[in-house]
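The following blocks contain the structures, represented as structure tokens.
Heads up, the next two complexes both have chain A, just with different partners, chain B and then chain C.
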Partner chain A sequence: MNEIWNDFMTYRSELIDGLGVSIRLALLTFAIGLPAGLLLAVASFSRSKAVRITAVVLVEIGRGTPALVMLQLVYYGIPVTLTGFLSAGIALALTTAAYTSEIIRGGLQAVPEAEIEAGQALGLKNFHIMRDIVIPQGLRIAIPPLLGFCIIIFQATSLAFTIAVPELLAQAKSIANVNFHYFNVFVIAGLLYAVITVPASLMTDRLERKMSRHLQMQ
Partner chain B sequence: MRNSPAKATSPAIKLENVEKRFGDHVVLKQVSLTVDEGQVLALIGPSGAGKSTLLRCINLLERPTAGTITVDGVTVETDHKVSARELAALRSRVGMVFQSFNLFPHMTALRNIALPQQRVLGRSKEEAEERAHTLLKRVGLADKALQYPGRCSGGQQQRIAIARALALDPKVMLFDEPTSALDPELGLEVLKVMRELADEGMTMAIVTHEMQFARDVSDHLVVMSDGAITEEGDPQEIFAAPQQQRTRDFLRAVLDRR
Partner chain C sequence: MTGNVWAFVAQGVSATAQLTVLGFALGAVLGLPLVVMRAAPVGPVRWIGRGFIELVRGVPLVVWLFLIYNGPTQFDPRLGSVFTSGASAIAAIGLVSAAHMAEIYRGSLKAINQSQWEAADALGMPRLDTATKVIGPQMIRVAVPASAAYAIGLIKDSSLASTIGVFEITYYANTAAGSTSSALPFFIAGAYYVALTIPSAWAARRLDNRLRRKVAR
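Our next item is the complex of A and B:
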């Protein structure tokens, strides 16, 4: 225990910097991936068959490709030179968009058909029915599973160490390569991930319970 | 009985040979009917007769497979594709109240009534909310403006739904079993609002199982069974002396229960 603590104290600034990069990478991923996921979910309700098919194809490619493959593809595969950080953000965002679109679609589908019909009878345009009635309620339903998925993606940012992004796992690996305390350093890295994911999971659970109560009330 | 307005002769709703099929199954068989301006039409009949389907054809929530629908001078031929413009013109003239209220649960009563005005009529938020307050007062719910539907009783929700439809200044109002999901006591407060609306001269078409209401408030009664009109005419006369066996059977079944 003591040794682990000592290693942490020695390398804390590198490790915490790494955690910072991981968090920023996750935030970039969500900033691109979640709106794209919403867009794909809405597209799957389109009246145009071409739009619906395009959405399904994109989602299936995104879900079918392992995140690590996506990462290598964006970093090495496309003829535009991007920083590792940006490449990782884009690659993880593609995966995020594909998976979250399915989660959001489920939420949107849970909005009762009767409310959509009421909107039509009032003369609301489909765009307004989507924006004012279906999305606000559907997203609310989707929030707990979305947060759960965001936690998984936060952990998946560790894949970025394969393209030399100085995130937490990459920092831990380079420290361990120097002091050979592989066990200690990776335990510390794991704990630092947990500092974020455990409270986030607990919050998600609480939110989920609170929301299911709210829904029962109606 | 109430006084009909002077110009009671122009039809507010006119259905001509409206037909609705699902594959081989015919739900509505060439139904024609007319509701004059300011009139109240009651549609009664056994379940599965096609009453709700017919009502839902008037604002094209249900697309008829054939026939012509005219509301307040807007005519829609339903056997070819209905354009978005036709649909909007028709729906702007028709308000609808559903059996299950169908309020938007994530909005307060006030927003439920104001939002459609802003989106459909382009009213400002202030104007729309002012009108919403006026209408809430009119349906006896002035104090519920900031309440969410989930916190209101069924009777209150239905009255909010009526206010929401009225806020768009429709020419005709459709009611699809507006009290069927309510306890009798709560149904009464909804019927009271509907009766006031009728007295003010609103053109209304009501699908209902409230026989007494149909007899007392409507000007014209339509009895349906098996997707067709069995009998229609003056409500008092039909209730007193139904001409058709089907009507007699139906009225006996529903009235004996009371």
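Our next item is the complex of A and C:
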């Protein structure tokens, strides 16, 4: 226990820096991935069959490909040279978009049909029905599962070590390769991830219970 | 060359399948005592169960992989031959899926009609028998769709085992990409994953349709 603490104190600046990179990478991923997910979700309701099919195919490819493979694909596959950080952000954003579009679609579908008909009866254009009626209510329903997914993606930023992004796990690995305290260093890295994810998941649970209180059965 | 790459990456398919099946089986079994703890009437037991589940789920799978694979060698380098990459990968996947499976079991426990406890009690059935013969089997049936979705996710998560040197799909793709310096092997790897996922999803849906009728909600 004491040894683990000593290792933490010795390498704390590298580890905390790594955690900072992990957090920034997660934020970049959300900034690109969540709007793209919303776009894909809206596209799956399109009246044009071509748009609908394109959206479904993109989502299925995005969900069927492991995040690790996506990372390598973007890093090595895009002919323009991007930094590891940016490649990781784009790759994780693609995965995020595919998964969150399904979550958001579920939320949009939960908006009662009658409200859409009411909008049509008032002569609103489809665009305005989507923007002013369906999306604001549907997104609210989707918030708890979206937060849950964001926690998973924050964990997935750890994969970026494979393309040399200096995030928390990469830092932990390079420290462990120097002092051979593999166990101590990875325990510290794990705990640093848990410090973010566990409170976040407890808060998500609470939010979910609060928001679904009116639906409680029994 | 392209044909060769398809065959080369295909060498990893069986390892990916083994990691997924064994890791999931381990998790599905270990999840049962965890859900019993998580739903226990005794406060401290419940808190330990909850704390364990939250901690295991809160740490990324890659970190568990490195911790189990590399961790023991800090104390004795010879432990490296005990915690081989394959065994460590199955242990790590099993551990993480146990925590997720416990939460899935808990969700399906809630969906079963609770008055069956009272009914069994009224018939004079011991509580242990009620749990193992009445509630348990239904809980597992209700859990099928969510467990299947999780298991299918594991097919993809098992790709992380390549980082500790398990010879599965992504590992071969990485090797091929290194020697051909193109991203094509990763497209091929992605295609194999999609090809593994789609029939699994179909089989899971069929299994669920067959079991669905035998549950009192």
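In this section, the second predicted complex is superposed on the first by the 213 of 218 C-alpha atoms of A that agree within 3 Å, B and C clash if a C-alpha of one lies under 4 Å from a C-alpha of the other, contacts with A are read in each partner's own complex, and residues count from 1 in each chain.
Here is the rule we go by: a residue touches a chain if its C-beta (ideal position, glycine included) is under 8 Å from a C-beta of that chain, and two chains touch if they have at least 3 such contacts.
For clarity, every value in this text was computed on a predicted model and none was experimentally measured.
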item: Partner chain in contact with A:Ala114 - chain B first, chain C second, else both or neither; value: first
item: Partner chain(s) touched by A:Gly123 [first = chain B, second = chain C, both, neither]; value: first
item: Chain touching more of chain A, residue-wise (chain B, chain C); value: C
item: Which superposed partner A:Arg140 touches (first chain B, second chain C, both, neither); value: first
item: Touched partner set for A:Lys173, first chain B, second chain C, both or neither; value: second
item: Chain B - residues contacting chain A, complex; value: 59, 61, 88, 91-92, 94-96, 98, 100, 102-106, 115-116, 119-120, 149-150, 161, 164-165, 168
item: Chain A partner contacts - residues on chain C that touch it in the complex; value: 54-55, 57-64, 66-67, 70-75, 156-157, 159-160, 162-163, 170, 173-174, 177, 182-183, 186-187, 189-190, 193-194, 197-198
item: Touching residues on chain A, where the partner in the complex is chain C; value: 60-61, 64-70, 72-73, 76-77, 155-156, 158-159, 161-162, 169, 172-173, 176, 180-184, 186-187, 189-191, 193-194, 197-198, 201-202
item: Residues of chain A touching chain B in the complex; value: 112, 114-115, 117-125, 128, 132-133, 136-137, 140, 217-218
